[in-house]
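Next come the structures, one after another.
Presented sequentially are two complexes of chain A, the first with chain B as partner and the second with chain C.
Then we have the complex of A and B:
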């Protein structure tokens, strides 16, 4: 059989977004792969240089369209450090609330899409149904289901409405009761186990060498989670365990994500209890007007005035649902960030594709790439 | 790990290739170095300081010069470390870190096409996010957002 290159993408059910996986095959064997990105490149880093600090938040929601809150949080932490702003404590807990519900939402989206790739239809419907409950919660306090624009430099836009914590607890109870069902549908299925066990193996040493982070790294037994190793916001005051597995294959990544959702529920129960007991402001009150207005009126005085604000650089790192995300914000004293640089975990995870795809069969690509959890919005930015 | 520890560990190996180690909030510090001693520094940072994970590589256009920065993570120290080097704007190039940290490969491709920094001896320096044949570097300050650009885009596989 002769060797040839084939394109899987940009339109292919496996891609979950717009990108192209070029695969060199000999018969059914994968000899080499070359991922091609850039179909969704919008130049978010460049556009940010032309925007006021709070306006960049709009772009962050579009960075990763299934984990908008995580990216808002990432940017906000960097911007606050660069602008020397401290948020109130309640805002930090509200951000953790957003982050962890977003992690559940993102993992449920992954669960739905990944399991459908393998050919199981029912889990797709269950995953999407339960993710909708999380989106309903988001809608109740941000007004949006996908692009929230909720966090602000110095806090968050508004507090949660009365009765929110009770409805959130109901969703958590519902989800907790569903997790065993998810496991039964997948781990109890012979088809799932035969397709996923010992597939797409990437050992810990290779993960570190090729920059792979997040659930992929933890499925190889490395206990690295920035929420524990470099706590941000309120994570140092919350109790949870880092989910790890050791098989480093597709099933192990499934197990890690499922356990992460259970741990997120655990974190969220603590956060909701804290929110009930500690009312307070959600936006810092010492902010300059151009930064502080919750519904920032753009173009008012202050925005165009030449301001004399201290320079600074901000660096933030958070554990996004997909892995380690970094932001580097340079403030040169002007109205806009001088430079914003983001590190996307999926970008690095895809760049290592050769390491976990070569040697398997063409039919193994959908489950392996599914277990990577690709979100093209944050790869291309 | 403190900036002083880093100076003690790297100083003897690098000599005047090491310019300074500054404190940087939330990280182990920021190492400023001469681009000529890049490879020696990378190896020393990986092997002696044990920063095994290269999280990202990026560039900043300061108009009169360009800055290349590397963000590294060490599981042992539980800290990030910044490395940065200034390269001249008329000939912006530095040795590739891909031989030391393979994960730098794509990040350097991105920094090359967006900020215009050439990484010498890079295994695979071609366009990643922009189309082949794209001659601009969008993250340079001279690239204006509100002005039209025109170019002929080549297909990648013809």
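Then we have the complex of A and C:
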């Protein structure tokens, strides 16, 4: 058979979202790939310029549909720096709680999609089942399962309900007991190792060259985690290890993500203990009215207050489940952000597709792209 | 007992029916109706209709069985709503597919596109015409049923490739080529594993093979052949871990990507027909068919249709094993599949032939006993 291009996407089971991977194949071998993004572009950055600071949070939830909290957190950190607002300490811990549960939820979603890609049927549902427990927790204190609108400039919307920490601990116990089962189904299977070992290798130097971050970078042996290297919120007060693997292949990425979930459980236990011991406010006092309430009428006294509000620029960087997400928020004194710019880790990760796909088989595309953990919402924004 | 076949029963039925009909009809018409050729024709029709109904109902129940088992493996309940415990769910699904429009891609080759699924379905059905179900219910008395069944079984890659190629779709074509390569590679070990059974039982007739297992079932002494046969059958059925011709992660639906509605239902049904045939062959060749070991109390085997009952129990249990494998293993890659096929399965099947030859030489085993045809 001669060479031909096939389109894997935008409607294709491999893509997990709207994007297109054009693949040039010769028989079963991959000669070239060409990722095409942009099918899900909603102009979130531009829409943000026309919204109040707290209204942008709604868009952040839609930025990545499996890691809404992480993107809320990212934006909030940037906006708070731009607006010179300090959140209370309990809010910082609550944000870490959200982030880490979101990391577990996102990684479970990744696990489910990834094992489905290599043909493992049951663990797909195990991953979804356990992610549901995390979503139930989110629902108990935000009222929503995926689009939370929970964080606010200057804190979070509300505190967790009474008894939350106990139910959260139960979920953590359940998850801790499930992790060995996950490993058994994947690492314990000879076929899995045959499929995933030495597959989709992306060495550390190539990662750096292409801006690849997150579990992919750490699986190449680079010990870089923004939670450690550039601590934000309460991470400098929490104990955890950075998950690292050396092989830079699909199995290594699997190992890194599994270890990250275990570390998240470790972080969460500390956070829950802290929350039990330190009650307090979750939203900063003396916030300007014009950013306090979404959909507040424009032109009341809040408008007057805003005039004298100092300008500012905010930059934030967080370790999102998929990698390093950066945000840049410009406050020019207006009631809307002047400019919001995000850096999506997945965009860089799948832009490097040619580096880690060419030379393998067509059948290797799903496991490799699955190990990248694509979330198209944040790629296109 | 063994002389009574499904065909002879339908022949009796046709004779009674047509003679009865002839007795109330005027002379010239009666002569036509009671003509022996017409009776033969009607009995063939009855035979085919019974087989079709039985195999179709079994296939659909098999799909239900798979869905329920998979559900349990996945911590859910499977189909629950249509009928008791979802028993009628697949009939509803089939009806839905039947009502759907059948379409054809613009550039597709109509002849291959439409005849492929039909031929695939028909060849899968033919096998049921020759499989013995119970001592009184083997459908036809043919001496080489095993060989014929495997021969028809191996038609499939041709029709899959024809329909894949004529769909004019790149995914279909890749899936079709994978399918052809895979099925041809796994034909060889399957046939070699069957040769081991044939050596021990001394017959190509499935009924005789079952009869020869009255002292011990072949799965014990011929466990290597059983492993090769089951693994090969998994590949022939294109089930996980060998479902890469329709690997939905990379090839959408593989060779049946372009098929919808009833044509898709044909492929689906034929796939499960083949799965049923595979399970039945495992039961017939290695698990003693419709017989039970002699230590089982006779009450378990003396009720009416006990043979068919135990045969179905075994068949569904074997299929349950396939479902278990599907629920817990990932998919292998094409080159790995072919490497396993040629480098591991064929040596293993040759080993099984060697073991069968040893078995024939020693005639009787200390624990198991003797094979009747070799017996003292």
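Here is the rule we go by: the second predicted complex is superposed on the first by the 367 of 381 C-alpha atoms of A that agree within 3 Å, B and C clash if a C-alpha of one lies under 4 Å from a C-alpha of the other, contacts with A are read in each partner's own complex, and residues count from 1 in each chain.
By our rule, a residue touches a chain if its C-beta (ideal position, glycine included) is under 8 Å from a C-beta of that chain, and two chains touch if they have at least 3 such contacts.
What you are looking at is a predicted structure, and each value in this text was computed from that prediction instead of being measured.
Overlaying the two complexes via chain A leaves chain B and chain C side by side, clear of any clash.
Within the superposed three-chain model, A:14 lies in touch with chain C and out of touch with chain B [touch as defined at top]. Applying the stated contact rule after C-alpha superposition, one finds that A:324 touches chain B and leaves chain C untouched. Using the contact criterion defined above for the overlaid structures, shared-chain residue A:92 touches neither chain B nor chain C, since it reaches no partner. Legend: residue contacts after superposition of the two complexes on their common chain; A:194 is shown touching chain C, with no touch to chain B. Contacts of A:125 after superposition: chain C is touched, whereas chain B is not reached. When the two structures are aligned on the shared chain, A:6 is found in touch with chain C, with no touch to chain B.
If you stand at the C-alpha centre of chain A, chain B and chain C are 120 degrees apart, rounded to the nearest 10. For the three-chain overlay built from the shared chain A, the minimum Cα spacing from chain B to chain C equals 17 Å.
According to the touch criterion, chain A has no shared surface contacted by chain B in one complex and chain C in the other. Residues of chain B touching chain A in their complex: 24-27, 52-56, 58, 60-61, 69, 71, 73, 75, 78-80, 82, 101-107, 114, 127-131, 138-139, 143, 145, 156. Against chain A, the residues of chain C that register as touching in their complex are 70, 73-76, 170-171, 174, 177, 240-241, 243-244, 247-252, 326-336. Note for the complex: chain A touches chain B at residues 36-38, 41, 43, 45-47, 50, 81, 208-213, 222, 224, 229-230, 313, 315-317, 324, 326, 328, 330, 338-339, 341, 343, 347-348, 351-352, 380-381.
Only residues 1, 4, 6, 8, 12-14, 28, 115-122, 124-126, 129, 185, 189, 191-192, 194-195, 361-366 of chain A touch chain C when the two sit together in their complex.
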